[in-house]
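Two complexes, one shared chain (subunit A), two partners (subunit B, subunit C).
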Partner chain A sequence: MTVPPIYAFPPLYTRQPNAIIRNKQIDSWEDILLTTARENGLWEIDTEGKFTSQTTQELPPHLQGSIFSNESIGRTAPPLFVKEILSHMLTKGSLVQGGSDTTSAYLVLWKNMDSWASLMLEWCETTNKLGQVVTLYELTNGDESIGWDFHGMPQGLAARCLRLLVKRGRATMLQDEYDRDIAVKVI
Partner chain B sequence: MKRFGVAAFDASKGAYESETLQRQSKEYDEQLKLFQDRLVQFANAHNNELKENPEFKAKFMKMCYSIGIDPLNLFDKDRHLFSVNDYYYEICVKLIQICRETRDINGGIVSLDELRKVYFAGASNVTEEDIEKAVEMLGSLDGGFEIFEIRNHLKFLRSVPTELTSDQTKVLEVCSVMGYASNSLLQANLTWEKLRCKATLNEMVANGLLWIDDQCGGREILYWDPSWITRSTQEHL
Partner chain C sequence: MECWHRIEITESGRPILREGERDIFIDYAVGLYDGKHRVVDKQSGRVFLTSQRIIYVDDGNAAEHSVFLELDNVRSTDYSSSFLKRSARVIIFLKESTSINFQAKQKRKILKKAAKEERTVSHWTCPICAFANETKGKVTESSPNVVCVNCGIPADFASIQDTLSFTKITVDTSQNVCPSCTFINHPYLTNCELCGTRLVNSQVDLTALREAPSKVKLGIDSFVQLSFRKSDGTLFSQALNKLLDKQRKQDIFNKDVVSVNGVAVNENEIKRFQESFSAGAQNNNSIELLQDKFGSVGISGLERTRETQLANNDILFTSALSDMNKLISLANNIERLFNKSGGFQSNNNNASSVNTSLIIDRDKFLNKDLFLDEIARDIYEYSIAEFRDSNNNGNIMITLVDLYAMYNKAMRICTGLISPEEMREACGRFEKLGLKELKLMKINNRILCISSTNSLNYVSTQIVNFVTKSPGSDILKISQFLNDDTAKANWTVGVLVEMLQYSVDEGVLVLDEQLTGIYYYKNDFW
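Right after this comes the complex of A and B.
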């Protein structure tokens, strides 16, 4: 995995008093978070900055703790600052509320929802799924989506992205008896 | 399940597709590289015509730019390819770009070493002397670009109009050794009064020249020079 060199820069873990620098600092953190999520196929992060893995596969050792803590240089960003960074990302839309099991988790959007929706549409077009019912499981975990960026995405998030397609009039969602989204038909 | 007829192709279709795509994109890359090399050769061979015909030159440059040739690679300063000044103008443009992009991180101070090794990495023929000459040319624009020297050999480019005080320069000297400075380091090495250290460091933080770090074993605040960030990547290379 490639972490930007600034991840090893000790002052990155202290909230900078100079506002211009602090903006840059927060941008750097956002970059680190999104890059890490993308490169490791991770989707959820808790309020302390710990990634949770959806698969049974274990996280690499350096990601088992909070991303805001760097043991090799002995630095940890204070909780208040972490909160500030995460809420900045929430405002910007690169993070959204609503992880799978707890209410305290965030979903990491290393592409925005619109791009995800378009990518899913593209997938349906390339794999000849137009007009067919595709389950969310098939879409995010099926063999046919291997190699696509949304492979492994939590189904809840996938449903949220697909709802954008519904809005565009390109898809219909299908629910199970508990009213949960389980499948989609893209037209 | 064994499939027959056209359906038999379905199973392996994906693999073929991606393989073909990869091969194609590799071929394109190679062709583009070749084309770029040829263009550079062409520029070398037809240097005089290019120099004499400004319209031809502009079009040629535009073409090179659109297919991704760094203009710096087109110039050969030893052979006066095009006009020798063009080469330095290109460096000037690059310098302004780099300084603007990195100003928020480094407060407008960047070492020539960093400029050459990190930001001019794609154009191997640029030397520190070239950068210095380009900065000299920028002087006529009155943009506040200036080169200063610390410890008699480390040169820095300053792209913000506020001039560094001699105290601030001294702090940068200390930073260039360890990557950071602190009150006690300054007191010990420069025999400054406590107040003088504090004032200088705080001002540099306010100007965006230093980043603070309060997690150094709870002892005192360290003040880091942001050029450390790219310095550590150079060591890894």
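Right after this comes the complex of A and C.
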């Protein structure tokens, strides 16, 4: 994966006083975050900007720490500015609250929920899963979904996306004994 | 008109003074009269009284119509107060020597022939301290008492007669030697190059510089008049008289001594004594008159009393009339004062109550307005002189705070320090006074700057260029680059801070804030 050249631009790590410039700066950050998440198959980020990996594979060295600090040029964005960027992404919908384990983590949506839902529907159609019960594990980690963008997606997030299909009337969710979403049936 | 010479004026409309010359008083709205005729193109201007000259600076066309008059050419002055529509005037009687300049051209030929002038010097020994004195000219019995240089006691002719001897010294007048520092100047200089003293032997034809030939011929009784349109001119007249007095007494030996051995020496003292004496005599006279009145008999006696009575009445009337003149002028002045203060109150109803912080006690100026005008001219001149040669492209920009400190440090007007409010107000007057090159502007809506018209763009492009060349520069580096030896510029840090702020607000530059300072980058990404 390549790091965008702006990542090595020191002013990126300082909150710019000019409002217009600052908005563009925050957009740049959002772009960096989403690109990194997509290219590395990452879904969760904590409030300090550290990606957490669901899979066992190691994170690339520059993502070991927070994405908001760049060791090679010795710059780190101040915590308040990080908070501002994250809350901006929350309001835009590219982040959603509620990670798998901790409440302080965010889920990174490098596509919005509707797109994810449509993509899952498309997968069901192409793999002939219509009318069948598919477990969430099967959907996100099964062999049949390898190569699809939502492969590796946390199950909680997948459930949220599928609920949109339920709303559209295209799917039914199945719960286990603890009322957790466990499987889906797409019609 | 020949006594007036052209003078060089600075851009901001102030005269260029000679070395060692000081300005003493300034008056406004003054017109010039040559003899009894007004000089057409010099009817409204400022008049500067300096330690050497009277300078007229025209309001309309300062560069061409401004002239000066040497104080050395002034014989005496007179003052006439304003009466009805006539404004107050100072009449200046000129010495004959001014008109001699007329024939300077012809004279110069003679001067060249007789370049070596002979002077007689008398040598004598003081009878008291035996000091060998030298006196200019021939000391004879009829000449006034000479004073010993050593002991300061006047010697009478009889006692020094034995030791008197004369020598003739040839003085080369073609060399134009300075009387005070003995520097040999160029023969055409009027003032010494080194110390600014006026040169006696100058051969320059001052009238050659005159601008327009005048029809008025200057006779022995020639005079010029200064007419004061707004003020009553008394202050100017007083200052002028004081100055002339001082100049006359400058070279007098023992000038402050009142009496020597009980004999009055000082001119004033003698005069006072004489006055008191004559007053006494007059008193005696009146007594005599009274006695006359009673003592005379017959028709001739009556006629004589009648005549003296008429004469007395005459004197009484004239004095009464002059008193009335004075009264009217006083009343006029009071009326003017009242109008002025009344107008001021109505104009500044709200401001005056708050703005009582500083009262101008600079007695050179009639009111605060005029003072500020003068300060404005001075600041303008100062900042141009200070920054013109230091900036390669003639761009000037300085924050008012810096300028205030620099200006007050330089303290150019001898009235002393000025207050920040005065400076601000004065800087706001540039446009009104026709000083176009600089103006007061507000950068970033908070800092007042004096700057030339395109300097803002100039500095910001300079800064941006430098930052593009070497990204991550802090203000120190930028200031070093802009003020290095090759650029010869002199931008203060205050200005640079504001310009950087300006560029950041414009979005041209972005910051990188670190513990070690703020670094600037060109905005390449956003």
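Observations on the structure shown:
Methods note: the second predicted complex is superposed on the first by the 187 of 187 C-alpha atoms of A that agree within 3 Å, B and C clash if a C-alpha of one lies under 4 Å from a C-alpha of the other, contacts with A are read in each partner's own complex, and residues count from 1 in each chain.
Please note the rule applied: a contact is a pair of C-beta atoms (placed from the backbone, for glycine too) under 8 Å apart; a residue touches a chain by one contact, two chains touch by 3 or more.
Quantities reported herein were computed from a predicted structural model and do not represent experimental measurements.
Superposition of the two complexes onto subunit A shows a clash between subunit B and subunit C. Contact with both subunit B and subunit C is seen for A:Y13 once the two complexes are overlaid on the shared chain.
By the document's definition of touching, of the two partners only subunit B reaches A:T76; subunit C does not. Of the two partner chains, neither subunit B nor subunit C is touched by A:R38. Of the two partner chains, neither subunit B nor subunit C is touched by A:R168. Applying the stated contact rule after C-alpha superposition, one finds that A:K92 touches neither subunit B nor subunit C.
In the overlay built on the shared chain, the residue A:I21 is in contact with subunit B and with subunit C. In the superposed model, A:R180 makes contact with neither subunit B nor subunit C. Once the two structures sit on top of each other via chain A, subunit C runs into subunit B at 219-227, and not at any other stretch of 21-29, 39-47, 111-119 or 219-227. The interface of subunit A with subunit B overlaps its interface with subunit C at residues 6, 9-14, 16-18, 20-21, 24-25, 75. Listing the residues of subunit A that touch subunit C in their complex gives 6, 9-18, 20-21, 24-25, 28, 75. Every residue of subunit A that touches subunit B in the complex is listed here, in rising order: 5-6, 8-14, 16-18, 20-21, 23-25, 74-76, 147. Across the interface of their complex, subunit A is touched by residues 472, 504-505, 507, 510-514, 519, 521, 523-526 of subunit C.
Subunit B makes touch with subunit A in their complex at residues 18, 104-105, 107, 180, 205-208, 211-217, 222, 224, 226, 228-230, 232-233, 236.
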